[in-house]
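Note that the chains are named A, B, C and D in the order they appear, and that numbering of residues resets to 1 at the start of each chain.
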Amino acid sequence: MFWKRQVPIFIVALIGSITLFGWFIDQPDVKEFIGDDATQWFDVLASFAIILGALNLIKLQIQKVLYQKPGWQYSVIAVLGFIFAIVAGFFVKGVDDSVAQWGAHVTSDGTLFKWMFDYVFSPMSATMFSLLAFFVASASYRAFRIRNFEATLLLVSGIIIMVGRVPIGGVISSWFIMYLIVLGLGIYVNSIKKDTKVTFVFVAVGVSLVTIGGIISGWPVDQPGIFYLPSIQEWIYYYPNVAGARAIMIGIGLGIFATSIRYILGIERSYIGE
Amino acid sequence: MVIFAFAIYWLLGHPYFVTDRIVMLFSILSLSATLIYYTRAAERGEEFYLRPIPALKAVEEAVGRSTEMGRPILYVPGIQDMDQVETVAGVVVLGHVAKMTARYETSLNVPVSRSIVMKAARESCRDAYTVEGRPDMFNEDMVHYLTDDQFAYAAGVNGIMVREKPAACMYMGKFYAESLILAETGNSIGAIQIAGTASQAQIPFFVTACDYTLIGEEFFAASAYLSQKPELIGGVKGQDMIKLAVIAVMVISTILMVLYESTGFGFNISEYLTIR
Amino acid sequence: MEFSALLGAWVASFLTIGIFSYLYKDNPFYKIAEHLFVGVSAGYLLSLGFWTQLQPNLFGRLFPAKHYDPDTITYTIYNVLSFFSSSIFPEGGIDKGHDQHLIYLIPLILGIMMLMSLIPSFSWMARWGIAYVVGMAAGLKAYGYLNSNVIGQIKGTAVNIFDFSLPIFSLSSPSVFNNLIIFVGTICGLLYFYFSKEHKGLLGKASKIGIYFLMISFGASFGFAVMGRISLLIGRFTDLITFSGSDYNYATFWVLILIVGVLGYAAFQDKEKETVPSDDSDVLTEEE
Amino acid sequence: MTNIENIFLKIGSIDRRWIFIIIALVVVVPLLVPIGLPIRATDTSKSVYDAVEALPRGSKVLLSIEYSPSTKPENHPMAISMMRHLFRNNHKVYVTCLWPDGQFMAQDALNQVAVGEFDKKYGEDYVLLGYRPGGEAVVKGIVSNIRKLFSVDARQTKVDDIPMMDEITNFKDFDFLFSASAGYPGTIEWVQYAADPTGVPMSSGVTSIQVNEVMPYVQSGQMVGVLAGMPGAAEYESLIGQKGSATSGMDAQSVAHLVIVLFIVLGNISYFIDRKRSRKY
């Protein structure tokens, strides 16, 4: 129990307080240890963690093959892929020492490792992500509903950002947006008054007001600014959005601060599986 | 004690101390003290009020509706392992949901993507059914492992949704891109959907596609609230107090800034807030 | 065109289209590509972590070339290791510009303990290494987040909001109105996450305003998320268009035809089978 | 009226594979047949440009590459434009990577810009220090002593043998930091452990998804401007007056966004019709 439980908790407390209070200590030896060696150890252990993760994954795949679990044929492919990557990483360089020595081979052009990166790893990881573009499209069609005021606010600000930020947003005239707003308000008026006449009068007055305004000012694309998509977009992005994002950021910051302190004090021990 | 010791050290000429960061040291010490104080208070048995969270009420409604319709409930605890706080919170909420399904005799379906999560989720369901006096209704297969891979898992859950047509779908945990795929399918089968996550990039998708969403900290507070563990409730309370302090500092510094820049009265607080 | 690049283009277009075929439905092409991805990325990360950190910065400090002396114990061990793998441990020590620091045996031991945890009965051994990483991350984060995400943000919000040298209202440049938006929005947003009091009265109103700001922010995130996904798709298609050129023997087209053909044929076969519904297919989809 | 409503309902329930095909088309067609919409720079992109422009010639700039091939279409054009801008103004460029794949991306961009376009000299005008695992600890290491962390560069040359590294011992020796980032570790870690504690100005180019996480830093001045996603990269390309892959993607981006907005609107119309009907019964 002592080795499995107390020691890790002690390590967290010790290393945690050294790094935390190290921020305030201005003594060359301490500073050097915290700034350089302790971080180096961290980096070394982070690499071991990466290796551990990779081996764990492959262990699971091999188990799948050995016990012939459903879909094990595909796991064979995963294992083969792993072996290929290891061969490229440790055994076959593909170029002479004069071009790239061991160690530099993972970045140099012409090596087997680089080939694997360019034509196997890279296209697949990029494609996996780009699949999402399609799902976004179908979800925006079938799931993004104006259920309540909050969702409306979300979708409207999302749409303004989406259109206002790309070049096409700059081509859309602010007068067009004004017409859209008049029509939108018309639908709203109709849904409360339930009277076609009122709606008609409202829309007619609105449309003519906008038209008169347009004729007088000569239809400038980006005037008045509060109806020009790139300007509205910029405003939302830089002010209300930042206010919301900042509230979340402070919340997250406090949450992480609290969790870190709890780790250091040994109150929170989930990392050892408790 | 700490302050006293520090005062002596300070008077001795504070060797080896980064004086520029003194504001930071005091914030760290005082905030930690607040956290510890409320955690201790909760452990001593002091009760703290936590406001009701609408999405949790909706869970009960959803379970009721599933019972009426005779359809199961689908619960997705995210795609990450137990080392993520959100997954832990998800499993805590699962225990709560399992109690309700035991009470209403509705069937529960929990597909998971990590083997450790499977173990934890099974335990928490078993406990819930035992507490409600219905251990007979619990079977291990209600929590089952699909696959580790993100999209394959999403596809598997989609398959379950389309075939079993659950009346309610709940997504509580750490989500990445699959949030969208799940919420969309759930929407297309007309299920009541309730989500909870702290992944900032995924919240918008849940908000638009689900009926209720627990946003970020709300989700953690909900799990503290449901688990009734004193250290978690104390933590929520402590963080609340810190939040109040942050707001207070914000208001006071703003007033000071307005005074300083408009009338030259007072001092420039922003210098104290800049810590190099 | 070199053979390796040509082969690469074919492999890349096969994998890309194989993954895209998932949009039609889950199928063997997708699964092959996906599992290959899992295996290759595991091996890839392992190799990179080893060659960029462990070999130069750990072994490079334990066995630096600077102090090479075959008579000492360390270098005797080194020569044995070198016998097994001269690529990792080249003759004469590792020359990465380090001095010898035997204190780096500590992270080495912790690291080896981490790897030992692959054996189930030693799984606890990983905890030491993890504890180090967790502890250090906690110490760094507690300071970093408090400074940048809390105090820095207080400073960003606490400005002279009634600075009347600024215009009262202006959309996209600093103005009193915009300062107020940030101030009110941030505080109300924080109040929404205040749990230990019921949201009624003034607090209720403030938290309502707060949630509106949060929603606008989520809306912006949503817009940006869509933007990002589309950009990535554009990048993929640009590559596929490149690979469909004559330089690459029209790789994209041929692979596309192959995969569409096979999937189409399978769909056709499925349709004929549909008259006899079988339980088999159900079981299969569940595993997926 | 009911006929129109029925059509909308029918559209509302089409198979999603049709939507997939539409999206594929609206992305591919503008790529093959460009429209050439004008690009106007947003304020946050302009501040990045102005900050770089204001650096005195020969400044030492740290360029950190933190993305992988999966977000290459967004980040790579930013990195390339930034390098062009830096090399054109004769700054010294130091490249580090917090992501493993970052060094391939960096190598790619350097080959294209430093070697291909500007014929700069390795070790004197630019250096690729490479990748180190460890996230925030690497940033902390760079702030404390970069020579200890990067004892060798990506080509395994010792830093003591690299002339331009002579005047560099830690992060404070740099005049500016630009991070091209796609997540953790990335911009946020640079702000927290490097820029905020030292006061060295920094700026960043991030993926669209990440924008909202860093915006508060930009607004409060902890960061100087930000390039947001592929449109941000396109804006930077137009600011430095050299078009690249981001600009050519903008037409497809514009059209795809419009189509998605159209989807949202259509979807909601059929939703309302549906709701109206179910209320009646």
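The criterion applied here is as follows: a residue touches a chain if its C-beta (ideal position, glycine included) is under 8 Å from a C-beta of that chain, and two chains touch if they have at least 3 such contacts.
Computed from a prediction, not measured in an experiment: that's the story for all the values here.
Touching chain B and chain C together: A, D. Put simply, the chain farthest from chain D by mean CA position is B.
Per-chain Cα centroids separate chain A from chain D by 12 Å. Rounded to a whole number, the gap between the C-alpha centres of chain C and chain D is 15 angstrom.
As a whole-number value, the distance joining the C-alpha centres of chain A and chain C reads 9 Å. Taking each chain's centre as the average of its CA atoms, chain A and chain B sit 19 Å apart.
Residue numbers of chain A whose C-beta contacts span two or more other chains: 20, 23, 39-40, 42-43, 46-47, 50, 57, 103, 117-118, 121-123, 125-126, 128-129, 131-134, 136, 138, 140, 142-145, 150-151, 154-155, 158-159, 162, 165-166, 234, 237-238, 241-242, 245-246, 248-252, 254, 257, 259, 261, 271. Across the assembly, chain B contributes residues 24, 28, 31, 151, 200-201, 204-205, 207-208, 216-217, 243, 246, 275 that each touch 2 or more other chains. Residue positions of chain D touching 2 or more other chains, listed in rising order: 20, 23-24, 27, 43, 70-73, 103, 130, 132-134, 137, 140, 149, 156, 196-197, 209, 212-213, 216, 219, 228, 231, 253, 256-257, 260.
If touching chains are joined by edges, the resulting network of the protein chains shown connects every chain directly with every other.
Taken in their complex, chain A has these residues touching chain D: 31-32, 34-36, 39-40, 42-43, 46-47, 50, 101, 103-104, 107-109, 114, 117-118, 121-123, 125-126, 128-129, 133-134, 136-138, 140-146, 155, 159, 162-163, 165-171, 230, 234, 237-238, 241-242, 245-246, 249.
The touching residues of chain A, counted against chain B in their complex, run 20, 23-27, 30, 57, 60, 128-129, 131-132, 135-136, 138-139, 142-145, 147, 150-151, 154-155, 158, 248, 250-252, 254-255, 257-259, 261-262, 265, 267, 270-271, 273.
Chain D meets chain A in the complex at residues 12, 16, 19-20, 22-24, 27, 37-40, 42-44, 68-73, 101, 103-104, 107, 111, 130, 132-135, 137-138, 140-141, 143-145, 148-149, 154-156, 212-213, 215-216, 219, 228, 231, 234, 250-251, 253-261, 263-264, 266-268, 271.
In the complex of the two chains, the chain B residues touching chain D come out as 200-201, 275-276. Considering their complex, residues 16-18, 21, 24-25, 28, 31-32, 35-36, 39, 82-83, 85, 88, 148, 151, 177, 180-181, 183-184, 187-188, 198, 200, 204-205, 207-209, 211, 216-217, 220, 231, 235, 238-239, 242-243, 246 of chain B touch chain A.
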